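These notes open a run of structures that come right after.
What follows is a pair of complexes built around chain A, which joins chain B in one and chain C in the other.
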Partner chain A sequence: MSLPWKLQETFSPEEIQFIVENEPIKIFPRFTTRSKVRGNRGNKTGQTRWKLLTASDEPLNNLVAIQTTEVAFWIALLLKQQGKCSIVAPGWLRLTQLQRFIDYELKNTERFSELPWNWLVVAQLLFSKAADDLQDPVHLLRGKVQDLREIRLGKIGQGLKHLNESHLQLDNLSLLEINELRPFVLGVMNKLKQVHGSIADEQEEEQ
Partner chain B sequence: MSYYDIDDILADANKFPCRFNYDIPGLGYLEGNIGKDIKINAKVELPLWLARILAIVGGDPGIGDEGALPFVELMAPDMLSPKVMNAIKSGPVTLDVHSINSHFYALAVKWATLFNDRDLVQILNYMLLERSQEINNFASSIQLEKLGRGRDMGPFMLTLDEFEKKLYRESHESCKDMKKWIVQK
Partner chain C sequence: MNIDIDDILADLDRDTTAIDSSINSHAANDTTILGSDGIDTDKFRHLPVLSAVGDFEKLMAHWRNERMSPELLPYPHLLMERTLRRVQEQLEHIECVSMGYLEDPSAENSTSESSNNALSNKLPLLCMEADLERLKFVLRSFLRCRLAKIDKYSLYLRQFNDEHVLLPLSELLSRQELEYHDRHSAIMLKLLNRAILRHMPPELQAVDDNDGSVKMVDEPEWNRFVFVYVNGPKAKQDSDPRLQVNEMGQQFYPVTIQELQEEAELTIGGIYVMRYNVVRDLILDDMVQLI
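Up next is the complex of A and B:
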C-alpha cells in the first residue's frame, strides 16, 4: 500500500516527536525583534518579519531580549540551535520535582503519576538540544527520567496481565508510552475480542 | 479474517476429519478413488473451507421427520483433543503450539464459531493471555548492538503460531523503534 506497513496503525516515535514539537514552550530570546514605537510604525526600515501559517507569529515579532515569551517548541529548537535563545525548562523537569514523581510512583503501585502527556519526548529533546539551559546537571536528570521510565514500564507489564476483550484504563500514560504499547495491546485485545465474539450469537438467542 | 487475508486462506486449507452421512455418486475423488462413489459413513479428511459448508448444508429437507442431516459430520480434530486441552490448562507457556498447528488460534476460533464451544473459548482466553505475557517479555528485551547479527531465538520463539509470530514481530518493531529513537541523539 501507499503507506508502509509499520505506519498503517500507529505512529513512529519521530511522528510523536513532531506532534510534541507543536506545543508551546517558554524561551529567553537573546535578540529583539520588537520595532521601536518611537520610529515610524509603518515599518519602513525593511526589517524582515515572521509570517507563519501554522503557529502564531505575533510573539515572534515582539521578542525582547531576556524577556520570556511562549513560542512553538520547534521554533524554540531552531532558535536555540543558532544560539539566539535559551529554553526555559518546564517546572516538572527539576530534580526535586522528578523525585516527587518517583516517590509517588513507588507509593501508588496501581496508578501512574500525573506527568504531562509529552514528558518523555520533552525530556529527551531538552537533554540533547538544550542541555545547558537546565537548572540541574543533565546526567542526574537523565538518571531520574530513566528511573521514572523503568518504574512505569514495570507497572505497564503488571497491567498487561489484566488485558481483556472489552476495555483498558490507562490514566496518565504518556503518548510515547502508549505508542510503544499499541501494536501489542491492540493485537492481543483484538484476538480476545474475536475469541469471545465466536460465541456471541448464542448469548443473544438466550436472551 | 477477511477474504484476501493470506493467513486466513492458509488456515482454511487445514484438513479436518469428516464422516459422510449419505451415499453420493461421483464424489469418490475426495477419498482418492476417482470416478467411484462415496459411501455413507466414509471417513474423509476435508479442508476446512469445504467441510465447513458441507457440515451446514444438507440433503432434501422433505425426507424424514427430524429434518435433513447435513452432508458431512465434522469430527473433533487432534488439534482440539482433550490431550491438547489439558496440556493448555496445565501450562500454556511451555506448550509447542506451532507443532500442534501453525494456525492454532485461527482454527480454534473457527471451530468455536461453528459449535458455540464455550469451554474452548475459555481455554483460548487463558492461553492467549498467558502466552502474550511471554511474547511481550521477549519483544521488549532488545539489545541494539545485537540487532545486526542474527539473534539466537530462545526455545519459546520456536513454539509460536502464526498469529503470535505477527504479534511478536509488530511489538518487537515498536519497541525497537522506540529504543532507537531514545538512543539516537
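Up next is the complex of A and C:
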C-alpha cells in the first residue's frame, strides 16, 4: 500500500525524533544576525534574512552572539554542526536533577516521575551531537539516564500485568516509551476486548 | 491587605502583545516579496492565528491523529490549501535568494574573513532548505497515510455516497483523493470481475455483500484501542461545558464506555489507552490528541 506496512499502526523511532526536533531549545549563538539600526541605511550588507515555514524565524533574525535565544531543536543541531552555536542543556539534564528523578522513581513504585515527554530522545541527541555543551561529564549523565530508563522499564513490565479490556492510565510516560510499547499493549488489549465481547454475547444468549 | 491585580496586569499585557503582533505582521509582509502582491495576506488578516508556524503545528496534530486513528479523518481543506501555497512561495523565495549568491562579489574574494562571512550568509539558505524539506516530509507522510486508508476502506467509503450519511464524501476527501478513490476502485473491480467474479453464479458476484456469513465491507474498527493525550481546551478553561472538576481539584472529561457500562475520567494532561469510539468526539474537537 502507499504507506509501508511497518508504519501503519505506529511511528518509527526516526519519526519520533522528528516530532521532538520541532520543540524549542535554548542556544548561545556564536554569530550575530541582528542588523544594526545605524548600519541599515546606506551600505547594503546583502545579508540573507531567515524566512522559515515550520519554525518561528523572528529570533533567528535577531541573534546576538552570547545572548541566549530559543530556537527549534533541529535548527540548534544544524547550527551546532556548523560550529555556530552551543546548546544550553535543559534543566533536568543535570546530575543532581536526574538523581532526584531516580529517587522519586524508587520511592513511588506506583507512578512515573514527571520527566518531560521527550526526555529519552533529547538526552540521546544531546549526548551524541552536543556532548561538549553539557555541564556535567557525559559518561556520568549517560549512566543516570540509563538507570532511569531501566527503572521505568521495570515499572512498565509490572504495569503490563494490569492490561485489561476497558482502559489504562499511563501518566508521564514518554513518547518513545509509548511507541515501543504500542504494538504489544494495543494488540493484547484488542484481543482481550474481543474475548470479553464474545463472553458477553454468550451470556446474553443464555438468558 | 492583598489586592489581586492579576486581571489588571493581564489587561496591560494584552495591549503590548497587540502592538507587537501588528509590527510582526508588517515585517512578514515585507519579506514576502515574491508572487504575493499583498492581496492574499490582506484577505486573511482579519482571521486569527494564521501564521505559518501555527499552521505547521496544526498540520503536525492532523498528521499524528491520522497516523494513529483507525478511521479516515476529515481532510483539512483550508489548512492544506494555505500550506501548499506557502510551500510554493517558499520554493520561489529560495530560488531567488540563491540567484543572489551568483552575483555576490564577496564570494569571489578568497580572504579568510570574507569566506567566513559567506558561510554565515549561506546558513539561512541551508536552514530554509532543510525547513522546506521537513514541511514537505510531513505533507507527504500525511497524504500517503490517507491514501493507504482510502485503499483499505474503499468499499466502506462508497457507502458514503448514500443519502443518509452525515458527512458527504467531498468533505471527507480532497479532490485528488476522490479521483484516486474512484479510479482505483474501478481498476480493482475490473481485475476481480475479469479474473474470478464472472465465473461465479450471479447471486455471488457482488463485492460488497454484507448479508453473507462474512461481511465483505471492511468498516473501520471503531472500538480499537488508541493512546491518547488529554490536552484540554486551548485558552479559556471555563469555556467547555463538558469539563468537570473531580475531588482532587483536577479538571477532567467524563466518558462512558458503552460495551462495559463503565465510567472513566480523562484528566487534563494525562495519558490513556482508550477505545477509539469513546474519545472520537473529543478528538474531532481537538480536546484530545492521539499519540
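Note that in this section the second predicted complex is superposed on the first by the 196 of 207 C-alpha atoms of A that agree within 3 Å, B and C clash if a C-alpha of one lies under 4 Å from a C-alpha of the other, contacts with A are read in each partner's own complex, and residues count from 1 in each chain.
Here is the rule we use: a residue touches a chain if its C-beta (ideal position, glycine included) is under 8 Å from a C-beta of that chain, and two chains touch if they have at least 3 such contacts.
Model, not experiment: these values are computed from the prediction.
After overlaying the two complexes on the shared chain, residue contacts for A:T96 are found with neither chain B nor chain C.
The partner that reaches more residues of chain A, of the two candidates chain B and chain C, is C.
Look at A:T54: by the touch rule set out above, it reaches chain C but stays clear of chain B. In the superposed pair of complexes, A:F31 makes contact with chain C only, with no contact to chain B. Touch criterion met: A:K6 reaches chain B, while chain C stays clear of it.
Contact with both chain B and chain C is seen for A:R182 once the two complexes are overlaid on the shared chain. Counting contacts as defined above, chain A residues 165, 182, 196 meet chain B in one complex and chain C in the other.
Residues of chain C that touch chain A in their complex: 24, 31, 52-53, 56, 60, 64, 67, 86-87, 90, 93, 97, 100, 104, 106, 119-128, 130-132, 134-135, 137, 141, 144-145, 147-148, 151-152, 223-227, 257, 259-260, 262, 264, 269-275, 278, 291. The touching residues of chain A, when paired with chain C in their complex, are 1-3, 7-8, 11, 15, 18-19, 22, 31, 46-56, 58, 60, 74-75, 78-79, 82, 84, 165-173, 175, 178, 182, 185-186, 189-190, 193, 196-197, 200.
Of all residues in chain B, only 1, 105, 108-110, 112-113, 116-118, 121, 124-125, 128-129, 132-133, 135-137, 139-140, 163, 166-167, 170-171, 173-175, 177-178, 180-182, 185 touch chain A in the complex they form.
For chain A in complex with chain B, the residues that touch the partner chain are 6, 10, 12-14, 17, 124, 128-129, 153, 157, 160-161, 163, 165, 176, 179-184, 187-188, 191-192, 194-196, 198-199, 201-202.
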